[in-house]
Amino acid sequence: MIATHDSLSDLRERLRQFAAERDWEHFHVPKNLAMSVAIEAAEIMEHFQWLTPEQSAALPESQRIAVAYEIADVLLYLVRLADVLDIDPVEAALEKMAINARKYPVARGI
Amino acid sequence: MIATHDSLSDLRERLRQFAAERDWEHFHVPKNLAMSVAIEAAEIMEHFQWLTPEQSAALPESQRIAVAYEIADVLLYLVRLADVLDIDPVEAALEKMAINARKYPVARGI
Amino acid sequence: MIATHDSLSDLRERLRQFAAERDWEHFHVPKNLAMSVAIEAAEIMEHFQWLTPEQSAALPESQRIAVAYEIADVLLYLVRLADVLDIDPVEAALEKMAINARKYPVARGI
Amino acid sequence: MIATHDSLSDLRERLRQFAAERDWEHFHVPKNLAMSVAIEAAEIMEHFQWLTPEQSAALPESQRIAVAYEIADVLLYLVRLADVLDIDPVEAALEKMAINARKYPVARGI
């Protein structure tokens, strides 16, 4: 059912093994993983909370790296959540982009 | 700097074009996109808010599809956020998994 | 244990009755209510996601009213969460402010 | 415009003074404060992420106190956000409860 989407399917397999080796599978129900995604998303925001939009686009390198790891956490939990729900996130994203493209058509001048 | 990670790099390119065609690039500063990721993460949670953990693992098909689109929204904003920060999310995720593996070593019996 | 803090204790009593009359008390476990607070907090953010900081401080009246109801939702779930945990939120807030005052002392000139 | 709602109006006044003394008022635009509310809401969730609903209702005392301070943080930012938007959160909450009461009428048996 889930297509073999390269980088993300590799992450998915690693996360499955990681959870199985630690006997964490019973924690990884969708309700809990959905909370995890939201918690990690808030940790991304913490870095930008008091910055102006302009400052947020010009992070010092040490902070950019810290944000990279927070983005990583969201991605890991998101891939794991999709997996336990048997959802292909890339396929869903492509479908959603097609919906968005119809919803927000490109303005064409003369 | 950003490696060519297949499915996600494809999404990244599509999102760049989507934003450019609509002249949305000035909205896509990291501060705003970090908010977007968190907002969409909360929309995933909405589906699980009142369910027991067991119910969350046995969603009716219509609801599972609705959750797939919310997961898609988080993924799209996350990929876009990583792009404007010049971060490779898969590389960061692999590094983070290595850190987690050291932090939570697998228990080995005798 | 919970002091009688006027406006909030009034809300707390109304929320208790509201839940009891609808037989919703079994839904109102702390895990679920914590999700509710976060979900409603994200709905506040939705109004500000694409605004500049300046625009966020000058909302059109219709949007200011919409935000008021989102703030109301966070407050209602927060008061309910505190209640089921037997926490007095105002007392906790006053203690937290005292901690913050020590953490961030006021700079005094000569 | 804002009614004098006792405990919360007291918090509101203390928060105004706290911000003024530290020259933090320029940080306290609605966009930033909305992020703060959501970030602190996620910190409440962190305590419940891996607990069963039953466990979440029977926290060890040390953890219950930790949650009290997270609830305090949400309340403080929420009151501050309402203040800079000139919103009375208790009034809004009472109106919202009236709306909810009409939306979810109490079931009456025979």
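First chain written, first letter: the chains are A, B, C and D, and each begins at residue 1.
What we mean here is this: contacts are C-beta pairs under 8 Å (C-beta built on N, C-alpha and C of every residue); 3 or more make two chains touch, one makes a residue touch a chain.
Everything quoted here is computed from the prediction, not taken from an experiment.
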Co-neighbours of chain B and chain A - touch as defined: C, D
Higher-contact pair (C-beta pairs counted), A-C versus B-C: B-C
Centre-of-Cα separation between chain D and chain C, whole angstrom: 1
Centre-of-Cα separation between chain C and chain B, whole angstrom: 27
Per-residue overlap in chain D, given as positions that touch at least 2 other chains: 32, 35, 38, 41-42, 45, 48, 52-53
Residues of chain B touching chain C in the complex: 27, 32, 35-36, 38-39, 41-43, 45-46, 48-50
Touching residues on chain A, where the partner in the complex is chain C: 35, 38, 42, 52-53
Chain A-touching residues of chain B, taken from the complex the two chains share: 5-8, 11, 14-15, 18, 21-22, 29-32, 34-35, 37-38, 41-42, 44-45, 47-48, 51-54, 56-57, 59, 64, 67-69, 71-76, 78-79, 81-82, 84-87, 89-90, 92-97, 100-101, 104, 106-107
